[in-house]
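First, the structure itself, so that you have it in front of you.
Note that the chains are named A, B and C in the order they appear, and that numbering of residues resets to 1 at the start of each chain.
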Amino acid sequence: MDLIVEGIKKAFFLIFTLDAEVLGITLLSLKVSGLATLISLVIGISAGTAVALSRFPGRQFVVSLINTGMGLPPVVVGLFVTIFLWRNGPLGFLEILYTPTAIILAQAVIATPIVTGITLAAIQHLPANLRLQILALGATRLQMLWLLVKEARLPLLAAVMAGFGGVISEVGASIMVGGNIKGYSRVLTTATVMETGRGNFDIAIALSVILMLLAFCINAILTHIQQRERPR
Amino acid sequence: MTAEIQAEILLKVEDLLVQRGGVTVLDISGLEVFQGQVLSLIGPNGAGKSTLMLTLAALLKPVRGNLFFRGERIADGGFAYRRRIAMVFQEPLLFDTTVFENVAAGLKIRGVRRGEINRTVPGYLEHFGIGHLAKRSARKLSGGEAQRTSLARAFVTRPEIVFLDEPFSALDPPTREALTGDLERILRETHTTAIASTHDQTEALRLADRIAVVNEGRIVQIGPVTEVMNRPVDEFVASFVGVETVLPGRVLRTSDGVFVAAVEGGEIQAVGHVRTGEGVLCCIRPEHVTLSTNTPFSESSARNVFSGTIRKITPLGLFHRVHLNCGFDLVSYVTRQSLEDLALAEGKVVTASFKATAVHVIPRRD
Amino acid sequence: MTTRSIKIGFTTVMIIVVFLFGMVLPLSAAGPQKNLILATTTSTQDTGLLDILIPAFEKKTGYFVKTIAVGSGQAMAMGQKGEADVLLVHSPEAEVKFMAEGSGVNRLLVMHNDFVVVGPAADPAAIKGSKTSPEAFQKIAAAGAPFLSRGDNSGTHAKEKGVWKAAGLNPEGQKWYQQTGLGMGQTLNVAAEKKGYTLADRGTWLALQKNLGLPILMAGDPILLNIYHVIQVNPAKWPKVNADGAKVFSDFMVSADVQKIIGTFGVEKFGSPLFFPDAGKKEDALGK
C-alpha cells in the first residue's frame, strides 16, 4: 500500500518539477500515439465507410476480417512488424526498426481495424434511404460521404477513443519495434515495464499514474464533445 | 385542370427496364410528366412505385432505357439533373441538427452563402407551418413536424420537379389530412410539377391532375384523374381504384349541410361542409347507384335522379357493371337478376338514382 | 461505389497517410550511417553501466547507439541474423558456438562480475557455509526449498543450468523449482516475496539489496564467474552490418579509459564496484 502511495507522490513530484526525462517520455507517448491514431482515423473512416456503402462479392468475408482485426493481439502485430522491418526483411531498406516511426507504424496497424470496424457498424446503422435523400438534395458523391460521416459522428467519436485508448496503453509491440531506447524510443508504457523489471517500483507506479492521467484527460475531452450531442 | 395538350413535357421516359438482382422490377415503355401538373402513382404494395420514383429521380440506374428532362437526355449519373429536383421520402430522414439547418441543407450543398440562406429559409419555415420550430433539434419533432421540415427542405431549393414517395403514409389520419391540405395549397400556388405516390385514393384525387396505376412493374393505365377513375381500363384498375364515378364540379348553393354542385351535364345534390363557388370532386360508388325503368319514378329518399342511356354492360361474375350516360358518366352495379328483370341492354334509357349521402365529396381547388 | 471512385479514394487516403508518416520522420532522424545497433542483455542494462558508457561513446565518436536490451538468447539470435552490429553478452558457452559457426568476429574480453546465491535470511535449506555452488544447490533440492529460476535462456539462466548440471540434478518439473521468465530484478523481487532462493548477478543484487531482504548465502565459486565479451557481428556473413561502428565500439570497450570507468562503477553508490575490468587478460586467469 505504501508503495502505491509512494508512487503517487513521486508521480506528482515528477510532474510538478517537470522532470526532463519524464517530460520527454510523456511527450513522445503523446506524439507517437496521437499520430498513430490520426493515421488509423484516415484509413479507418475511409475504409469503413467504403465497405459499409458497397456491395461486392466476398463482402461478408471482408467484414469478418475487419471484425477479427479488431481483436488482433498487439503483441502479434509487434512481432510481424519487427520481422518485416528487420534489416534483412522485406521492408529493411526503410531502416526504421528501433525508431519512433516503427512504433507509430505498429500502433497504426493495431488501431486501424478498430476504427474501421466501428465506422462500418456506425454507417450501416444509418437509415437505409438517407444516402438517397442526400443525393436527392443535389449532393456530389463527396458531399454525400461527408454528410453521412457527419451523421454518424457520435459513434465515430467512440471509435476515436477506442483507437487512441488501445494504442496509448500498448506495450508489447512498442517494445519490440521501438527498442525502448532512452531519450529516443522510450514511451510511458515501455518505460514502466523497464522500471518494473529493474525493481524500481516507485518510478514504475509514478509512470503508470502519469499514463492514466494522460489517458483520462484526453478521453474526458472527447467524452465531453460526444455527450454534448447526446439525444435527450 | 390544365389542358394537357398545351402543357410542356417536362420529364419523359422511354423503354425503361429496371432490374434488381437479375429480376425485372420495372418495364415501362413510355411515360410523360407535364409541366405544372401533379402525377399520382397508385398501386398495390410491391408494384414498383418507389422503384419508379427513384429511377425517375435518377437515383437508381436502369438496365436499359432513357430519361429525358426538358427534351435532353439525362446522362452521366444525373448529377446536374438532381440539382434541379427534390425528393421527399416516407421517413423524414432529417439530419441530426436544428430544423433551420435541415431546411437549409439543400442550399448549403449548392454553396449558397450564409447571408442568403438566412434570408430565404425563414420564409419557407413559415410557409410550412414550422416557423416556431427553427431552433428545435430534429430529434425532438413529432412525425408531422418532421415531415413538414422534410417538405420545406425539398421546396426551398425551388425544384423543377418534386418527387414525393408516400410522404404521409406513416402519419396518423388528422396529421395526414392537415399536411395533404398544406401540400395541395403549396403545389397549386407555386405551380410546381410533382410526382406523388400513394396508397390513399383520397390523397390521389385531391392532389393529382393525372394518375398512373402501377402494377407488377408496369403502368396499367395513365391519364387524367376522371378518366382513370371513371373508365378503368381493366378489372384490376377498377377494383384497385374502387370508385368508379368521379365528377368534378363547383358548388352552386348550399343550405343546411346539403348543397348542389354543378357538374358537366347536370346538377348533383350532396352533403358536406362546403362553400358556394368552391371546387369539388363528387365520387359515387357503383353499389350506391340504383337503376329503375319507371318513369315517373316512385317516391324514394334519393335526391339525385337522372335519366340516362346505357352505353355498355360488362359482366363481372356475380354482378354486372353498367355504364350510363346521364349527361355525365355514371356507373352502376346490378345483379344478374336485376339485369334480367329490368331487361337492361345497351342503348336502353333508364332512370338512375343515388342518395345525396352516397356522394363522397373531395374538396378541390382548381 | 464505382471502381473508379474507389481507386481515387484509395489514392487520396494513401497520399494523406504517407504525408502523415513523413511528418513523423524528423522524430526518427539520426542518419543511417551513424547508427549502431548494440544487442545486449537486460541485466547489463539494469546495472546502469551502459547509461554511463553509451553517452560517453556517442559523444566521443558521434555514433547513435541503439541499445536493444533483451535476453542473451535473443541478443545472440539477433547477431546470428545480422540484425545487430555488435553484441555485449555474458554467455560463454553460447558465445563459443556463435564464433564457431562464423556469426561473429573479434571476440574480446571486457569485464566480469560474479553470480551469487541468495536466499531468505532464515536459510531453511542451510546452504550457508557450502564450499561450492553445486553443493548449495544440492542442499536446496534436498530440502525442497523454493528456488526461482529466470527460465528465459538468459546468461544468468544458462549459468544456473550449468550449476544444476554440475550438481548432477535435474530440477525441471519439481514443485519447488519455479521459472519466472522475467528479468533479474523482477525475479529477485519474486524470490523475496516467496522467501525462496535464486541465483543472481552481483550487480543487480547490489542495486536492489537495500529493500530486498535476501542476503548472499554463497559466493566465490569460480563456476559463478559472469564473464562479459564484446563481439562484432561478422560483416562477411551480413554485409548490411555497420562493421566500422562495431569495431569502434569494440575498441572503445577495451580502451584504458573505459576500463577505468568500469572498475570504479558502483563504488559511490554501493561501496564496492559492480564489475571488474579484464581487457587483455587471459580468461582462465580470472577470479583468482
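Criterion: contacts are C-beta pairs under 8 Å (C-beta built on N, C-alpha and C of every residue); 3 or more make two chains touch, one makes a residue touch a chain.
Keep in mind that what you see is a predicted model, and the values were worked out from it rather than measured.
A.B. asks: Which chains contact both subunit A and subunit B?
C.D. replies: For subunit A paired with subunit B, there are no chains in contact with each.
A.B. asks: Indicate, using Cα centroids, the chain positioned nearest the centre of all protein chains shown.
C.D. replies: So the chain nearest the centre of the shown protein is A.
A.B. asks: Using mean CA coordinates as chain centres, what's the subunit A-subunit B distance in Å?
C.D. replies: From the centre of subunit A to the centre of subunit B is 56 Å.
A.B. asks: How many angstrom lie between the centres of subunit A and subunit C, each centre taken as the mean Cα position?
C.D. replies: 32
A.B. asks: From the C-alpha centre of subunit B to that of subunit C, how far is it in Å?
C.D. replies: Going by mean C-alpha positions, subunit B sits 87 Å from subunit C.
A.B. asks: Write out the stretch or stretches of subunit A touching subunit C in their complex.
C.D. replies: These residues of subunit A touch subunit C: 28, 31-32, 35, 38-39, 42-43, 46-47, 50, 53-54, 86-88, 92, 95-101, 104-105, 141, 179-182, 184, 196-199.
A.B. asks: Mind listing the subunit B positions that touch subunit A in their complex?
C.D. replies: Answer in residue numbers: 54, 57, 59, 79, 82-87, 89, 91, 93, 95-96, 105-106, 109-110, 139-140, 153, 157, 163.
A.B. asks: Could you please specify the touching residues of subunit C with respect to subunit A in the complex?
C.D. replies: Going by the criterion above, the answer is residues 1, 5-6, 9-10, 13, 16-17, 20-21, 23-25, 27-28, 30, 32, 35, 37, 42, 46, 51, 66-69, 81-83, 182-183, 185-186, 188-189, 207-208, 211, 238, 240-241.
A.B. asks: Could you pull out which subunit A residues touch subunit B in their complex?
C.D. replies: 127, 129-130, 132-133, 135-140, 143, 147, 150-151, 153, 229, 231-232
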